[in-house]
Amino acid sequence: MGRIFRYCFWDLLRSRFVLAYFGFFMLGSLGIFRFAPSASAAFGALLSAVTLLVPLCCLVFGTLYFYQSRGFHELMFAQPIGRAPLCLGQYFALSSALGLAFVLAAGIPMAAYGFSTNGDIGLLAVFVGGGLLLHLAFLALAFWIAVSIEDRLRGFSTSLLIWIALVFGYDALVMGLVMRFSDYPLETGVLAAMLLNPVDLERVLVLMHLDTSALLGYTGAAFQKFFGTRSGTWISLGALSAWILAPLLLFLRKLARKDWQ
Amino acid sequence: MTLPIRIEGLRKSYGRKAVLRGIDLHCEAGTVTAVLGSNGSGKSTLIRCILGLNVPESGTLRVFGEDVFAAPSYRRHLGYMPQHPSFPENLTVHEILQLVSRTRGVAPDFTRCAALQVEACLSQRWKTLSGGMKQRVNAFLAMAFNPSLLILDEPTASLDPASRLRFMELAMAEKERGKTLLISTHLLEDIREIADYLVFLRNGKAHRVSKELMLELAGSPHRNAFEQAVAVCLEESAPKAG
Amino acid sequence: MRLRMLFLVGIIAGFGHGRSASKRFDIGWNRPFKTLREALAIADSNAVLVVHPGVYPETGLVVNKPMTLRGMGWPALDARGLGALLNITADNVRITGFVFKNVGVSYLKDQAAVNMTGTRGARIDSNRFVHNFFSIYGSRSRNTRIDNNDITGRYNNEVANGNGVHLWQCDSMTVKNNKARGHRDGIYLEFTGHSTVTGNLAEKNIRYGLHFMFSNGSRYAENTFRNNGSGVAVMYSNDVRMEDNRFEHNWGSAAYGLLCKGIEDSKVRGNIFVENTVGVFQEGLSRVQFEENAFVRNGWALKMVANCDDNVYENNRFSGNTFDVSYNSSAHNSNAFHRNSWDKYRGYDLNRDGLGDVPYRPVELQSVLMDRYPEALILMRGHFLTLLNLIEKQFPALAPRSLEDDSPLFPPRKDS
């Protein structure tokens, strides 16, 4: 797995897509940090970009990468290496390459414009760490989709559907439920709902560190209290990890039974 | 003595469609076996099962005595040429060879595959290679690590006639070195010289015939006679309805 | 000009001379009087008590004759957490130049550093107040001037913390150029009419920078209210004028730049609201005019609860607010918006009269939803809500129609 990781990572560092991903994010965050009136506004705008584009790029590029590796898989399976080490090596190489591009693209402008987070290391940790976990989660999802669905077109459309569902549909559902059950105390329910979607979780985690959190009123206060506690931190970290581990395990299970045709 | 390939009762179906219905087959060391069959007869499926690319429902499959589905370590004996090879496209040929040789724990032997002239493109990235060049790297990877068992799936389908000849010479040389070969092909020219056994896949079963017997059946040393005999066998082995 | 200056100096000198005709008492460790208490006991009306540098442990002093207490070189009266300091019961008392410290917390009495009860014409100026329960406390007093004091409270919770300037049932008071921080409320006026609060800075108070109830006919202007727990609250008063104040960064889950409740026939003009959770929260407002205010980078610029009637918003500037206006009823509206500048306005001005040709509706669907279902706020900055807003922009019929600016400024003014 380590060897595959090294070679694939080295390959990806020179790939056009990763460069484009880096360049695109870099331009975006340069623009944001150049024109945003405050650090909080900059992080808010960056957050929107991250929660929208990271899932999309990871899903699309993840499935594409797996489909394109088909000949490589076939060839490497004639070598003394198992399926899981091969594909996990690729998975981690892809996550690392895109994650590195993301961290550099967000970090360089941040440093260049001297934006401090007002000593809030938590914000930086949540933003960068959460962003990386999003990469891991959505690439795992993408690999699972690609290994389960043989037909590329169907694989891509499934990726897009999942993206739409998690980025837009889920919030719409939550909104609907909040409207439907507005007579009941909803803080716990809404909190649980946010934990169940990695995009929302990352958004809320970062939001809690921004000025914007003051706008959230009592619900926000309840959230702040939850995420402020040690168990709250562990639970949200656990929820994000579950979003990585679950698709990864499903992927490995499917991989072990897959017939290459 | 452990056989290079020993298959017993191998069954495989895709969904409700049974492709292999109890294959029994073995290859002796130092022999060349050609797998023949019409489209959809299960040639590729059989080869993919031996490679561990497909997972059969039942049966045992041993390569040099090692269970194919227990661990991937048996593949160190194995050289394989897929039809459409691909690599991470930004790696150079040198890096690709390095990756494979480190995975196998064996250094590639450039001299024995000199005919493929892979040295010329060592510093080129995979994506800049021409189709023929890719096939030559592919062939190189199959043979350069001195595998005891070579599996060739339609090896010459995408080669130009000159490369095809060169490749068959290489395969012949491997045979003379005492290697075991398993070739699936449509082209009878590829196997007339080299094959010791012909395996016809028919209704999900394998039928092995030695080339001598085949020639006897043809009843004439004439080229066409052999080809006609094979064609007759192939027609018989075409999947029947039901 | 020079002549005029000389003339002024002459007047001041003459005034000082006239005062010095009254008896002077010097208080200090090497002076005739060792403590203020001794001097107060024998001083007559119109005496001048000059207190020299030093720390004087005292509690429960009473000033019951008109006189002047003057600190020279910042003498400190230290209550050591035991009780109150000065209680003024006479008219025309002036207190200046002191440091008042450590008035103790009491849950039974509103203990203060300077307390006035039923007095007229007092002047409390240029003192420092440090770590007191209440700093200046006036009740049933009139015509008092409180100016240039520097007041620092205890910075702790709401319960064991009093107000900086607390006025109750007073009238015609002037509170000017003071700094109040770290108290429960920086400046507090209840049943105190016809007063002016100007040029003060109230910051980092635990609850409100200024708290103002049942105080008709008052004016506050040119104050700065910054970083207070909940901003400024103005309640149940008529004929209030609020002009040229700055409300800055009153930011928190229950913070307002200005909280208005039950205000009628008043004027809010020329104020600047920057970075408050809610710029102005309005409940039960009637016939109030909002003119030429600037609302910049607030969560909500205006948050209106129904039963706000006949208010007029003219020539205000809105920019960089998350929500411009929220209004919790779409059925009824009698508030009017004219000629305001909205940075979110996307209209056009074909006849080039400086006013947009299509009305601007400042109440977004998003803010209506958030008002009705506050839990949904957690979806903020989510892409579904962004999408919803985009859709709403295309189909504005979804938003309440009744509330709109019929003549929005075009182009909207930029941040200054």
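A, B and C label the chains in the order they appear, each numbered from 1.
The rule is short, and it goes like this: contacts are C-beta pairs under 8 Å (C-beta built on N, C-alpha and C of every residue); 3 or more make two chains touch, one makes a residue touch a chain.
Everything quoted here is computed from the prediction, not taken from an experiment.
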item: Graph class of chain-chain contacts, one of line, ring, star, complete, other; value: line
item: Farthest chain relative to chain B (centres taken as mean CA coordinates); value: C
item: Rounded Å distance between chain A and chain B, as computed from the means of their C-alpha atoms; value: 42
item: Geometric centre distance via CA averages, chain C-chain B, whole Å; value: 89
item: Between chain A and chain C, centroid-to-centroid distance (C-alpha), Å; value: 47
item: Junction residues of chain A - those touching two or more other chains; value: none
item: Footprint of chain A on chain C - complex, ascending; value: 251-255, 275, 277, 297, 299-300, 320, 322, 369, 372-387
item: List of chain B residues in touch with chain A within their complex; value: 14, 44, 48, 51-55, 71-76, 78-80, 82, 84-91, 95, 98-100, 102-105, 138, 141-142, 151
item: Contact set on chain A toward chain B in their complex; value: 3-4, 7-8, 10-12, 14-15, 68-72, 74-82, 257-261
item: Of all residues in chain A, those that touch chain C in their complex; value: 37, 44, 47-48, 51-52, 167-172, 174-175, 178-179, 182, 186-187, 190, 194, 200, 203-204, 207, 211-221, 223
